[in-house]
Amino acid sequence: MSERVPVLKLGQVLLVSIQVDLEDQIVLDLQDDLAERIVSTGATGVVIDITALEIVDSFVGRMLANTAAISRMLDAETVVVGMRPAVAITLVELGLSLGGVRTALTLEKGLALLERDRTVRTGRP
Amino acid sequence: MSERVPVLKLGQVLLVSIQVDLEDQIVLDLQDDLAERIVSTGATGVVIDITALEIVDSFVGRMLANTAAISRMLDAETVVVGMRPAVAITLVELGLSLGGVRTALTLEKGLALLERDRTVRTGRP
Amino acid sequence: MTGPRAVEDEQTVPIGSNDDVVRARQTVRTYAQQCGLSLVDQTKLVTAASELARNTLVYGGGGRMRCATVRNGARVGVHAVFEDNGPGIPDLDLALTDGWTSGSGMGLGLSGARRLVDEFALHSEPGSGTKVSVTKWAR
Amino acid sequence: MTGPRAVEDEQTVPIGSNDDVVRARQTVRTYAQQCGLSLVDQTKLVTAASELARNTLVYGGGGRMRCATVRNGARVGVHAVFEDNGPGIPDLDLALTDGWTSGSGMGLGLSGARRLVDEFALHSEPGSGTKVSVTKWAR
(Lines give C-alpha, C1' and ligand atoms only; values in the text may rest on other atoms or scores of the structure.)
Protein backbone atom coordinates (compact mmCIF):
# COMPACT_ATOMS: atom_id res chain seq x y z
CA MET A 1 0.00 0.00 0.00
CA SER A 2 3.02 2.30 0.16
CA GLU A 3 3.38 1.96 -3.60
CA ARG A 4 3.39 5.31 -5.38
CA VAL A 5 3.37 6.37 -8.99
CA PRO A 6 6.66 8.10 -9.84
CA VAL A 7 6.52 11.75 -10.85
CA LEU A 8 9.39 12.85 -13.13
CA LYS A 9 10.53 16.39 -13.73
CA LEU A 10 11.39 17.38 -17.31
CA GLY A 11 12.39 21.03 -17.37
CA GLN A 12 9.32 22.99 -16.30
CA VAL A 13 7.03 20.00 -16.67
CA LEU A 14 6.05 17.19 -14.32
CA LEU A 15 5.55 13.91 -16.14
CA VAL A 16 3.52 10.98 -14.86
CA SER A 17 3.18 7.82 -16.83
CA ILE A 18 0.57 5.44 -15.46
CA GLN A 19 1.80 1.96 -16.31
CA VAL A 20 -0.51 -0.40 -14.47
CA ASP A 21 -4.06 -0.84 -13.33
CA LEU A 22 -4.01 1.26 -10.14
CA GLU A 23 -6.02 0.70 -7.01
CA ASP A 24 -8.01 3.67 -5.75
CA GLN A 25 -5.76 4.76 -2.88
CA ILE A 26 -2.76 5.01 -5.20
CA VAL A 27 -4.82 7.16 -7.56
CA LEU A 28 -5.66 9.54 -4.70
CA ASP A 29 -2.05 9.63 -3.52
CA LEU A 30 -0.95 10.55 -7.02
CA GLN A 31 -3.34 13.50 -7.08
CA ASP A 32 -1.96 14.78 -3.77
CA ASP A 33 1.67 14.16 -4.80
CA LEU A 34 1.20 16.18 -7.97
CA ALA A 35 -0.17 19.18 -6.07
CA GLU A 36 2.76 18.99 -3.67
CA ARG A 37 5.32 18.72 -6.47
CA ILE A 38 3.88 21.59 -8.50
CA VAL A 39 4.43 23.89 -5.55
CA SER A 40 7.82 22.50 -4.50
CA THR A 41 9.25 22.60 -8.04
CA GLY A 42 7.40 25.58 -9.49
CA ALA A 43 6.46 23.47 -12.50
CA THR A 44 4.24 25.21 -15.05
CA GLY A 45 2.89 22.06 -16.67
CA VAL A 46 1.81 18.52 -15.89
CA VAL A 47 1.57 15.70 -18.41
CA ILE A 48 -0.30 12.55 -17.44
CA ASP A 49 0.39 9.76 -19.88
CA ILE A 50 -2.41 7.16 -19.90
CA THR A 51 -1.24 5.26 -23.00
CA ALA A 52 -1.01 2.07 -20.96
CA LEU A 53 -4.43 2.39 -19.33
CA GLU A 54 -6.97 -0.07 -20.66
CA ILE A 55 -9.85 1.56 -18.84
CA VAL A 56 -10.63 4.88 -17.17
CA ASP A 57 -13.59 4.61 -14.84
CA SER A 58 -15.35 7.41 -12.98
CA PHE A 59 -12.82 7.28 -10.16
CA VAL A 60 -9.77 7.76 -12.36
CA GLY A 61 -11.73 10.17 -14.56
CA ARG A 62 -12.45 12.28 -11.52
CA MET A 63 -8.79 12.24 -10.53
CA LEU A 64 -7.86 13.54 -13.99
CA ALA A 65 -10.47 16.32 -13.79
CA ASN A 66 -9.48 17.21 -10.21
CA THR A 67 -5.79 17.27 -11.06
CA ALA A 68 -6.47 19.64 -13.96
CA ALA A 69 -8.44 21.94 -11.63
CA ILE A 70 -5.94 21.74 -8.76
CA SER A 71 -2.96 22.41 -10.99
CA ARG A 72 -4.72 25.37 -12.58
CA MET A 73 -5.15 26.89 -9.11
CA LEU A 74 -1.45 26.35 -8.57
CA ASP A 75 -0.70 28.09 -11.89
CA ALA A 76 0.20 24.99 -13.88
CA GLU A 77 -1.55 23.51 -16.89
CA THR A 78 -2.37 19.79 -17.15
CA VAL A 79 -2.51 17.75 -20.34
CA VAL A 80 -3.64 14.13 -20.51
CA VAL A 81 -1.96 12.22 -23.34
CA GLY A 82 -2.39 8.83 -24.98
CA MET A 83 -6.06 8.17 -24.35
CA ARG A 84 -7.16 5.10 -26.32
CA PRO A 85 -10.17 5.41 -28.63
CA ALA A 86 -12.05 2.70 -26.71
CA VAL A 87 -11.45 4.61 -23.49
CA ALA A 88 -12.80 7.85 -24.95
CA ILE A 89 -15.88 6.06 -26.29
CA THR A 90 -16.51 4.43 -22.93
CA LEU A 91 -16.02 7.61 -20.91
CA VAL A 92 -18.62 9.45 -22.94
CA GLU A 93 -21.08 6.58 -22.54
CA LEU A 94 -20.36 6.52 -18.82
CA GLY A 95 -21.38 10.17 -18.73
CA LEU A 96 -17.99 11.76 -18.15
CA SER A 97 -16.67 13.97 -20.88
CA LEU A 98 -13.79 15.55 -18.96
CA GLY A 99 -14.67 19.02 -20.22
CA GLY A 100 -12.03 20.82 -18.17
CA VAL A 101 -9.21 18.48 -19.12
CA ARG A 102 -6.88 19.25 -22.03
CA THR A 103 -5.76 16.28 -24.06
CA ALA A 104 -3.21 15.50 -26.74
CA LEU A 105 -2.70 12.30 -28.70
CA THR A 106 0.95 11.79 -27.86
CA LEU A 107 3.49 12.80 -25.26
CA GLU A 108 5.33 14.93 -27.88
CA LYS A 109 2.15 16.80 -28.76
CA GLY A 110 1.31 17.29 -25.11
CA LEU A 111 4.72 18.76 -24.35
CA ALA A 112 4.52 21.00 -27.42
CA LEU A 113 1.14 22.26 -26.29
CA LEU A 114 2.48 23.18 -22.86
CA GLU A 115 5.52 24.83 -24.41
CA ARG A 116 3.31 26.94 -26.68
CA ASP A 117 1.19 27.90 -23.71
CA ARG A 118 4.12 28.98 -21.67
CA THR A 119 5.42 31.17 -24.47
CA VAL A 120 2.07 32.86 -24.72
CA ARG A 121 1.74 33.32 -20.97
CA THR A 122 5.22 34.55 -20.22
CA GLY A 123 5.93 36.28 -23.50
CA ARG A 124 9.25 34.51 -23.78
CA PRO A 125 10.32 31.15 -25.19
CA MET B 1 -14.69 43.86 15.55
CA SER B 2 -13.22 47.05 14.06
CA GLU B 3 -10.18 45.00 13.03
CA ARG B 4 -9.30 45.37 9.34
CA VAL B 5 -6.82 43.71 7.04
CA PRO B 6 -4.22 46.27 5.91
CA VAL B 7 -4.05 47.07 2.20
CA LEU B 8 -0.60 48.26 1.05
CA LYS B 9 0.16 50.15 -2.12
CA LEU B 10 3.22 49.11 -4.10
CA GLY B 11 3.49 51.25 -7.22
CA GLN B 12 0.43 50.47 -9.30
CA VAL B 13 -0.45 47.43 -7.24
CA LEU B 14 -2.49 46.93 -4.08
CA LEU B 15 -1.06 44.24 -1.86
CA VAL B 16 -2.97 42.34 0.79
CA SER B 17 -1.37 39.69 2.87
CA ILE B 18 -3.81 37.67 4.94
CA GLN B 19 -1.93 36.65 8.05
CA VAL B 20 -4.51 35.10 10.34
CA ASP B 21 -7.67 33.03 10.33
CA LEU B 22 -10.24 35.74 9.59
CA GLU B 23 -13.80 35.86 10.77
CA ASP B 24 -16.42 36.35 8.08
CA GLN B 25 -17.16 40.03 8.66
CA ILE B 26 -13.49 40.96 8.25
CA VAL B 27 -13.42 39.01 4.99
CA LEU B 28 -16.38 41.01 3.69
CA ASP B 29 -14.85 44.29 4.83
CA LEU B 30 -11.67 43.45 2.97
CA GLN B 31 -13.58 42.89 -0.24
CA ASP B 32 -15.23 46.30 0.11
CA ASP B 33 -12.00 48.04 1.09
CA LEU B 34 -10.25 46.70 -1.98
CA ALA B 35 -12.93 48.01 -4.34
CA GLU B 36 -12.72 51.39 -2.64
CA ARG B 37 -8.95 51.53 -2.82
CA ILE B 38 -8.76 50.47 -6.48
CA VAL B 39 -10.88 53.46 -7.39
CA SER B 40 -9.23 55.93 -5.00
CA THR B 41 -5.67 54.97 -6.03
CA GLY B 42 -6.19 54.03 -9.67
CA ALA B 43 -4.34 50.78 -9.03
CA THR B 44 -4.13 48.44 -12.02
CA GLY B 45 -3.46 45.30 -10.04
CA VAL B 46 -4.31 43.55 -6.78
CA VAL B 47 -2.25 40.81 -5.18
CA ILE B 48 -3.82 38.77 -2.41
CA ASP B 49 -1.22 36.71 -0.60
CA ILE B 50 -2.73 33.68 1.12
CA THR B 51 0.54 31.94 1.99
CA ALA B 52 -0.39 31.99 5.67
CA LEU B 53 -3.91 30.63 5.16
CA GLU B 54 -4.30 27.07 6.35
CA ILE B 55 -7.77 26.72 4.88
CA VAL B 56 -9.93 28.47 2.31
CA ASP B 57 -13.58 27.57 2.73
CA SER B 58 -16.46 28.50 0.43
CA PHE B 59 -16.86 31.88 2.15
CA VAL B 60 -13.27 32.99 1.61
CA GLY B 61 -13.24 31.30 -1.80
CA ARG B 62 -16.22 33.37 -2.81
CA MET B 63 -14.53 36.54 -1.58
CA LEU B 64 -11.52 35.75 -3.77
CA ALA B 65 -13.74 35.10 -6.81
CA ASN B 66 -15.80 38.23 -6.11
CA THR B 67 -12.75 40.41 -5.65
CA ALA B 68 -11.35 39.17 -8.97
CA ALA B 69 -14.65 40.00 -10.69
CA ILE B 70 -15.09 43.38 -8.99
CA SER B 71 -11.54 44.52 -9.68
CA ARG B 72 -11.85 43.46 -13.31
CA MET B 73 -14.88 45.74 -13.61
CA LEU B 74 -12.80 48.53 -12.12
CA ASP B 75 -10.04 47.83 -14.67
CA ALA B 76 -7.64 46.13 -12.31
CA GLU B 77 -6.39 42.57 -12.43
CA THR B 78 -6.32 40.35 -9.32
CA VAL B 79 -3.80 37.61 -8.65
CA VAL B 80 -3.98 35.26 -5.69
CA VAL B 81 -0.55 34.06 -4.61
CA GLY B 82 0.79 31.46 -2.21
CA MET B 83 -2.00 28.93 -2.22
CA ARG B 84 -0.90 25.78 -0.44
CA PRO B 85 -1.24 22.44 -2.22
CA ALA B 86 -3.56 21.09 0.48
CA VAL B 87 -5.79 24.14 0.05
CA ALA B 88 -6.02 23.65 -3.72
CA ILE B 89 -6.84 19.97 -3.28
CA THR B 90 -9.53 20.79 -0.72
CA LEU B 91 -11.11 23.58 -2.76
CA VAL B 92 -11.56 21.30 -5.75
CA GLU B 93 -13.13 18.60 -3.59
CA LEU B 94 -15.38 21.20 -2.02
CA GLY B 95 -16.59 21.99 -5.52
CA LEU B 96 -14.95 25.38 -5.97
CA SER B 97 -12.31 25.65 -8.64
CA LEU B 98 -12.04 29.46 -8.75
CA GLY B 99 -12.17 29.50 -12.53
CA GLY B 100 -12.08 33.29 -12.80
CA VAL B 101 -9.22 33.81 -10.39
CA ARG B 102 -5.64 34.10 -11.60
CA THR B 103 -3.02 32.51 -9.42
CA ALA B 104 0.74 32.47 -9.05
CA LEU B 105 2.89 30.46 -6.69
CA THR B 106 4.77 33.34 -5.13
CA LEU B 107 4.45 37.06 -4.56
CA GLU B 108 7.31 37.71 -7.02
CA LYS B 109 5.63 35.67 -9.73
CA GLY B 110 2.32 37.38 -9.06
CA LEU B 111 3.85 40.83 -9.37
CA ALA B 112 5.71 39.80 -12.52
CA LEU B 113 2.46 38.53 -14.02
CA LEU B 114 0.71 41.85 -13.34
CA GLU B 115 3.68 43.76 -14.73
CA ARG B 116 3.62 41.72 -17.94
CA ASP B 117 -0.10 42.25 -18.21
CA ARG B 118 0.23 45.97 -17.81
CA THR B 119 2.86 46.10 -20.52
CA VAL B 120 0.56 44.23 -22.86
CA ARG B 121 -2.46 46.35 -21.97
CA THR B 122 -0.83 49.76 -22.03
CA GLY B 123 1.78 49.06 -24.66
CA ARG B 124 4.52 50.52 -22.44
CA PRO B 125 6.77 49.01 -19.82
CA MET C 1 -36.39 -11.29 -23.85
CA THR C 2 -33.81 -13.76 -22.61
CA GLY C 3 -34.20 -17.35 -23.73
CA PRO C 4 -32.61 -20.48 -22.24
CA ARG C 5 -29.02 -19.97 -21.27
CA ALA C 6 -26.02 -21.99 -20.32
CA VAL C 7 -23.66 -20.57 -17.76
CA GLU C 8 -20.10 -21.91 -17.87
CA ASP C 9 -16.79 -21.57 -16.07
CA GLU C 10 -18.11 -19.59 -13.18
CA GLN C 11 -15.48 -17.97 -11.01
CA THR C 12 -15.92 -16.03 -7.77
CA VAL C 13 -13.78 -13.07 -6.70
CA PRO C 14 -14.22 -11.84 -3.12
CA ILE C 15 -14.36 -8.05 -2.85
CA GLY C 16 -12.99 -6.80 0.44
CA SER C 17 -10.30 -4.30 -0.48
CA ASN C 18 -9.16 -1.91 -3.20
CA ASP C 19 -6.86 -4.65 -4.47
CA ASP C 20 -9.86 -6.92 -4.95
CA VAL C 21 -11.51 -4.30 -7.14
CA VAL C 22 -8.43 -4.42 -9.38
CA ARG C 23 -8.65 -8.22 -9.42
CA ALA C 24 -12.34 -8.11 -10.32
CA ARG C 25 -11.56 -5.86 -13.30
CA GLN C 26 -8.82 -8.20 -14.47
CA THR C 27 -11.02 -11.27 -14.13
CA VAL C 28 -13.77 -9.68 -16.20
CA ARG C 29 -11.23 -8.65 -18.83
CA THR C 30 -10.00 -12.24 -19.15
CA TYR C 31 -13.56 -13.52 -19.68
CA ALA C 32 -14.29 -10.75 -22.18
CA GLN C 33 -11.22 -11.64 -24.21
CA GLN C 34 -12.02 -15.36 -24.13
CA CYS C 35 -15.55 -14.69 -25.35
CA GLY C 36 -14.22 -12.66 -28.25
CA LEU C 37 -15.74 -9.33 -27.30
CA SER C 38 -14.46 -6.45 -29.44
CA LEU C 39 -11.91 -4.15 -27.87
CA VAL C 40 -14.51 -1.43 -27.36
CA ASP C 41 -16.95 -3.87 -25.80
CA GLN C 42 -14.26 -5.26 -23.53
CA THR C 43 -13.46 -1.73 -22.41
CA LYS C 44 -17.11 -0.95 -21.73
CA LEU C 45 -17.70 -4.13 -19.76
CA VAL C 46 -14.53 -3.84 -17.68
CA THR C 47 -15.34 -0.21 -16.91
CA ALA C 48 -18.85 -1.16 -15.78
CA ALA C 49 -17.40 -3.95 -13.63
CA SER C 50 -14.99 -1.52 -12.05
CA GLU C 51 -17.82 0.81 -11.05
CA LEU C 52 -19.94 -2.01 -9.64
CA ALA C 53 -17.08 -3.69 -7.76
CA ARG C 54 -16.19 -0.38 -6.14
CA ASN C 55 -19.81 0.08 -5.03
CA THR C 56 -19.80 -3.42 -3.54
CA LEU C 57 -16.76 -2.45 -1.50
CA VAL C 58 -17.59 1.14 -0.58
CA TYR C 59 -21.35 1.02 -0.06
CA GLY C 60 -21.95 -2.71 0.41
CA GLY C 61 -19.10 -3.02 2.91
CA GLY C 62 -17.58 -5.78 0.78
CA GLY C 63 -19.03 -8.83 -0.95
CA ARG C 64 -18.22 -10.85 -4.05
CA MET C 65 -18.33 -10.94 -7.81
CA ARG C 66 -19.28 -14.02 -9.76
CA CYS C 67 -18.21 -14.01 -13.39
CA ALA C 68 -19.11 -16.55 -16.06
CA THR C 69 -19.39 -17.23 -19.76
CA VAL C 70 -22.99 -17.35 -20.87
CA ARG C 71 -24.44 -18.90 -24.03
CA ASN C 72 -27.80 -18.40 -25.63
CA GLY C 73 -28.07 -20.43 -28.81
CA ALA C 74 -25.18 -19.28 -30.95
CA ARG C 75 -24.50 -16.18 -28.89
CA VAL C 76 -21.80 -16.01 -26.31
CA GLY C 77 -21.27 -13.36 -23.70
CA VAL C 78 -19.96 -12.50 -20.26
CA HIS C 79 -22.20 -12.42 -17.23
CA ALA C 80 -21.09 -10.82 -13.95
CA VAL C 81 -22.98 -10.57 -10.67
CA PHE C 82 -21.97 -8.24 -7.83
CA GLU C 83 -23.42 -9.09 -4.43
CA ASP C 84 -23.14 -7.81 -0.92
CA ASN C 85 -24.98 -8.07 2.39
CA GLY C 86 -24.71 -4.38 3.08
CA PRO C 87 -27.38 -1.82 3.90
CA GLY C 88 -29.10 -2.01 0.53
CA ILE C 89 -30.46 0.86 -1.54
CA PRO C 90 -33.62 2.54 -0.24
CA ASP C 91 -34.57 4.30 -3.49
CA LEU C 92 -33.48 2.48 -6.65
CA ASP C 93 -34.68 5.18 -9.04
CA LEU C 94 -32.72 7.81 -7.21
CA ALA C 95 -29.62 5.61 -7.09
CA LEU C 96 -29.88 5.15 -10.87
CA THR C 97 -30.04 8.89 -11.50
CA ASP C 98 -26.98 10.38 -13.23
CA GLY C 99 -25.01 12.42 -10.75
CA TRP C 100 -26.77 11.24 -7.61
CA THR C 101 -24.49 9.93 -4.88
CA SER C 102 -25.02 9.34 -1.18
CA GLY C 103 -21.26 9.52 -0.70
CA SER C 104 -18.48 11.39 -2.39
CA GLY C 105 -18.57 9.73 -5.81
CA MET C 106 -19.64 11.22 -9.12
CA GLY C 107 -22.96 9.40 -9.09
CA LEU C 108 -22.24 7.80 -12.46
CA GLY C 109 -21.44 4.25 -11.38
CA LEU C 110 -24.86 2.60 -11.56
CA SER C 111 -26.35 4.74 -14.31
CA GLY C 112 -23.17 4.62 -16.38
CA ALA C 113 -22.70 0.87 -15.92
CA ARG C 114 -26.26 0.35 -17.12
CA ARG C 115 -25.48 2.23 -20.35
CA LEU C 116 -22.28 0.26 -20.92
CA VAL C 117 -23.76 -3.25 -20.89
CA ASP C 118 -26.45 -5.12 -22.85
CA GLU C 119 -28.42 -6.38 -19.86
CA PHE C 120 -28.59 -4.83 -16.42
CA ALA C 121 -30.55 -5.85 -13.33
CA LEU C 122 -30.47 -4.26 -9.91
CA HIS C 123 -32.04 -5.88 -6.83
CA SER C 124 -31.79 -4.47 -3.38
CA GLU C 125 -33.66 -4.84 -0.12
CA PRO C 126 -32.93 -2.25 2.51
CA GLY C 127 -31.22 -4.16 5.31
CA SER C 128 -30.32 -7.24 3.33
CA GLY C 129 -27.94 -6.25 0.63
CA THR C 130 -27.62 -5.45 -3.03
CA LYS C 131 -27.21 -7.54 -6.17
CA VAL C 132 -26.36 -6.14 -9.57
CA SER C 133 -26.17 -8.41 -12.64
CA VAL C 134 -24.81 -7.41 -16.01
CA THR C 135 -24.35 -9.19 -19.33
CA LYS C 136 -22.45 -8.17 -22.44
CA TRP C 137 -22.76 -10.25 -25.62
CA ALA C 138 -20.13 -10.73 -28.30
CA ARG C 139 -21.30 -9.33 -31.63
CA MET D 1 -20.18 -0.78 8.90
CA THR D 2 -19.13 1.04 12.05
CA GLY D 3 -18.06 -1.18 14.87
CA PRO D 4 -17.79 -0.34 18.57
CA ARG D 5 -16.08 2.96 19.16
CA ALA D 6 -14.50 4.80 21.99
CA VAL D 7 -14.98 8.52 22.12
CA GLU D 8 -12.37 10.45 24.14
CA ASP D 9 -11.54 13.98 25.24
CA GLU D 10 -14.77 15.52 24.16
CA GLN D 11 -14.82 19.30 24.08
CA THR D 12 -17.76 21.62 23.39
CA VAL D 13 -17.50 24.94 21.57
CA PRO D 14 -20.57 27.18 21.64
CA ILE D 15 -21.34 28.76 18.27
CA GLY D 16 -23.00 32.13 18.65
CA SER D 17 -20.85 34.53 16.65
CA ASN D 18 -18.39 34.75 13.77
CA ASP D 19 -15.58 34.55 16.32
CA ASP D 20 -16.94 31.23 17.52
CA VAL D 21 -16.76 29.87 13.98
CA VAL D 22 -13.05 30.71 13.99
CA ARG D 23 -12.69 29.01 17.38
CA ALA D 24 -14.50 25.91 16.11
CA ARG D 25 -12.06 25.68 13.18
CA GLN D 26 -9.09 26.01 15.50
CA THR D 27 -10.43 23.39 17.90
CA VAL D 28 -10.92 20.90 15.10
CA ARG D 29 -7.42 21.61 13.79
CA THR D 30 -5.93 20.84 17.21
CA TYR D 31 -7.73 17.51 17.38
CA ALA D 32 -6.73 16.68 13.80
CA GLN D 33 -3.08 17.34 14.58
CA GLN D 34 -3.20 15.33 17.78
CA CYS D 35 -4.73 12.38 15.94
CA GLY D 36 -1.95 12.46 13.36
CA LEU D 37 -4.09 13.27 10.33
CA SER D 38 -2.00 14.11 7.27
CA LEU D 39 -1.76 17.77 6.31
CA VAL D 40 -4.19 17.28 3.42
CA ASP D 41 -6.66 15.45 5.65
CA GLN D 42 -6.37 18.13 8.35
CA THR D 43 -7.11 20.76 5.75
CA LYS D 44 -10.12 18.85 4.43
CA LEU D 45 -11.58 18.28 7.89
CA VAL D 46 -11.06 21.85 9.11
CA THR D 47 -12.62 23.19 5.91
CA ALA D 48 -15.65 20.93 6.37
CA ALA D 49 -15.93 22.08 10.00
CA SER D 50 -15.80 25.70 8.92
CA GLU D 51 -18.71 25.20 6.52
CA LEU D 52 -20.78 23.36 9.11
CA ALA D 53 -20.07 25.78 11.94
CA ARG D 54 -21.10 28.69 9.73
CA ASN D 55 -24.36 26.92 8.88
CA THR D 56 -25.02 26.35 12.60
CA LEU D 57 -24.63 30.08 13.13
CA VAL D 58 -26.29 31.46 10.01
CA TYR D 59 -29.17 29.02 9.46
CA GLY D 60 -29.45 27.37 12.87
CA GLY D 61 -29.35 30.70 14.70
CA GLY D 62 -26.44 29.46 16.78
CA GLY D 63 -25.73 26.21 18.60
CA ARG D 64 -22.66 24.21 19.52
CA MET D 65 -19.95 21.95 18.21
CA ARG D 66 -18.75 18.90 20.09
CA CYS D 67 -15.38 17.58 19.04
CA ALA D 68 -13.70 14.38 20.15
CA THR D 69 -11.08 11.79 19.37
CA VAL D 70 -12.63 8.53 18.25
CA ARG D 71 -11.09 5.05 18.20
CA ASN D 72 -12.19 1.95 16.38
CA GLY D 73 -9.77 -0.88 17.00
CA ALA D 74 -6.42 0.42 15.82
CA ARG D 75 -7.88 3.33 13.94
CA VAL D 76 -7.99 6.81 15.35
CA GLY D 77 -9.89 9.77 14.02
CA VAL D 78 -11.67 13.00 14.77
CA HIS D 79 -15.40 13.17 15.29
CA ALA D 80 -17.27 16.48 15.28
CA VAL D 81 -20.96 17.12 15.80
CA PHE D 82 -22.69 20.43 14.93
CA GLU D 83 -26.05 20.97 16.61
CA ASP D 84 -28.61 23.72 16.76
CA ASN D 85 -32.25 24.17 17.78
CA GLY D 86 -33.03 26.26 14.73
CA PRO D 87 -35.73 25.84 12.08
CA GLY D 88 -34.34 22.58 10.67
CA ILE D 89 -34.08 21.59 7.02
CA PRO D 90 -37.34 20.71 5.24
CA ASP D 91 -35.79 18.86 2.28
CA LEU D 92 -32.51 17.10 3.04
CA ASP D 93 -31.84 15.93 -0.52
CA LEU D 94 -32.25 19.46 -1.80
CA ALA D 95 -30.02 20.89 0.91
CA LEU D 96 -27.35 18.34 -0.07
CA THR D 97 -27.45 19.35 -3.72
CA ASP D 98 -24.35 21.14 -5.01
CA GLY D 99 -25.13 24.78 -5.52
CA TRP D 100 -28.47 24.88 -3.69
CA THR D 101 -28.78 27.57 -1.05
CA SER D 102 -31.80 29.10 0.66
CA GLY D 103 -29.66 32.10 1.55
CA SER D 104 -26.81 33.87 -0.14
CA GLY D 105 -24.15 31.18 0.12
CA MET D 106 -22.61 29.14 -2.65
CA GLY D 107 -24.62 26.05 -1.73
CA LEU D 108 -21.45 23.99 -1.34
CA GLY D 109 -21.27 23.76 2.44
CA LEU D 110 -23.22 20.58 3.12
CA SER D 111 -22.44 18.75 -0.13
CA GLY D 112 -18.80 19.84 -0.06
CA ALA D 113 -18.35 18.91 3.60
CA ARG D 114 -19.73 15.46 2.83
CA ARG D 115 -17.08 14.96 0.16
CA LEU D 116 -14.30 16.14 2.47
CA VAL D 117 -14.85 13.67 5.31
CA ASP D 118 -14.96 9.89 5.67
CA GLU D 119 -18.32 9.68 7.44
CA PHE D 120 -21.16 12.15 7.26
CA ALA D 121 -24.61 12.09 8.85
CA LEU D 122 -27.29 14.77 8.67
CA HIS D 123 -30.38 14.73 10.88
CA SER D 124 -32.94 17.46 10.91
CA GLU D 125 -36.53 17.86 12.01
CA PRO D 126 -38.33 20.91 10.76
CA GLY D 127 -39.03 22.96 13.86
CA SER D 128 -36.58 21.25 16.14
CA GLY D 129 -33.11 21.78 14.82
CA THR D 130 -30.32 20.24 12.85
CA LYS D 131 -27.47 17.90 13.72
CA VAL D 132 -24.56 17.12 11.42
CA SER D 133 -21.89 14.60 12.41
CA VAL D 134 -18.64 14.04 10.60
CA THR D 135 -15.67 11.74 11.11
CA LYS D 136 -12.25 11.73 9.50
CA TRP D 137 -9.85 8.84 10.16
CA ALA D 138 -6.08 9.01 10.22
CA ARG D 139 -4.57 6.81 7.48
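Each chain gets a letter, A, B, C and D, in the order it is written, and its residues are counted from 1.
FYI, a contact is a pair of C-beta atoms (placed from the backbone, for glycine too) under 8 Å apart; a residue touches a chain by one contact, two chains touch by 3 or more.
Chain labels with UniProt names: A, B = STAS domain-containing protein; C, D = Anti-sigma regulatory factor.
Given the structure is predicted, the values throughout are model-derived calculations rather than measurements.
> When chain C is left out of the picture, which chains can still reach each other by chains of touches?
So the chains, chain C excluded, remain one piece.
> For the homomeric pair chain A and chain B, should the interface be classed as same or different, according to whether the shared residue numbers exceed half of all numbers used?
different
> Cα centroid separation between chain A and chain D, in whole Å?
That pair's centroid distance is 32 Å.
> Express in whole angstrom the distance between the two chain centres, defined as the mean CA positions of chain A and chain B.
27
> When the centre of a chain is set as the mean of its C-alpha atoms, what distance in Å lies between chain C and chain D?
Here chain C and chain D have centroids separated by 34 Å.
> Can you tell me which residues of chain C touch two or more of the remaining chains?
Those would be 104.
> Hey, what residues on chain A touch two or more of the other chains?
If we look for residues of chain A contacting two or more partner chains, we find 32.
> Please output the residues of chain B touching chain D within their complex, sorted ascending.
21-25, 54-59, 61-62, 84-87, 89-90, 93-96
> Could you pull out which chain D residues touch chain B in their complex?
18-19, 21-22, 25-26, 29, 39-40, 42-44, 46-47, 50-51, 54, 98-99, 105-106, 108-109, 111-112, 115-116
> List the residues on chain B that touch chain A in their complex, please.
Residues in contact with chain A: 83-86, 88-89, 91-93, 97-98, 101, 103-105, 109, 116, 120.
> Quick check on the complex: what are the chain A residues that touch chain B?
Contact set of chain A toward chain B: 31-32, 35-36, 38-39, 42, 66, 69-70, 72-75, 100, 122-123.
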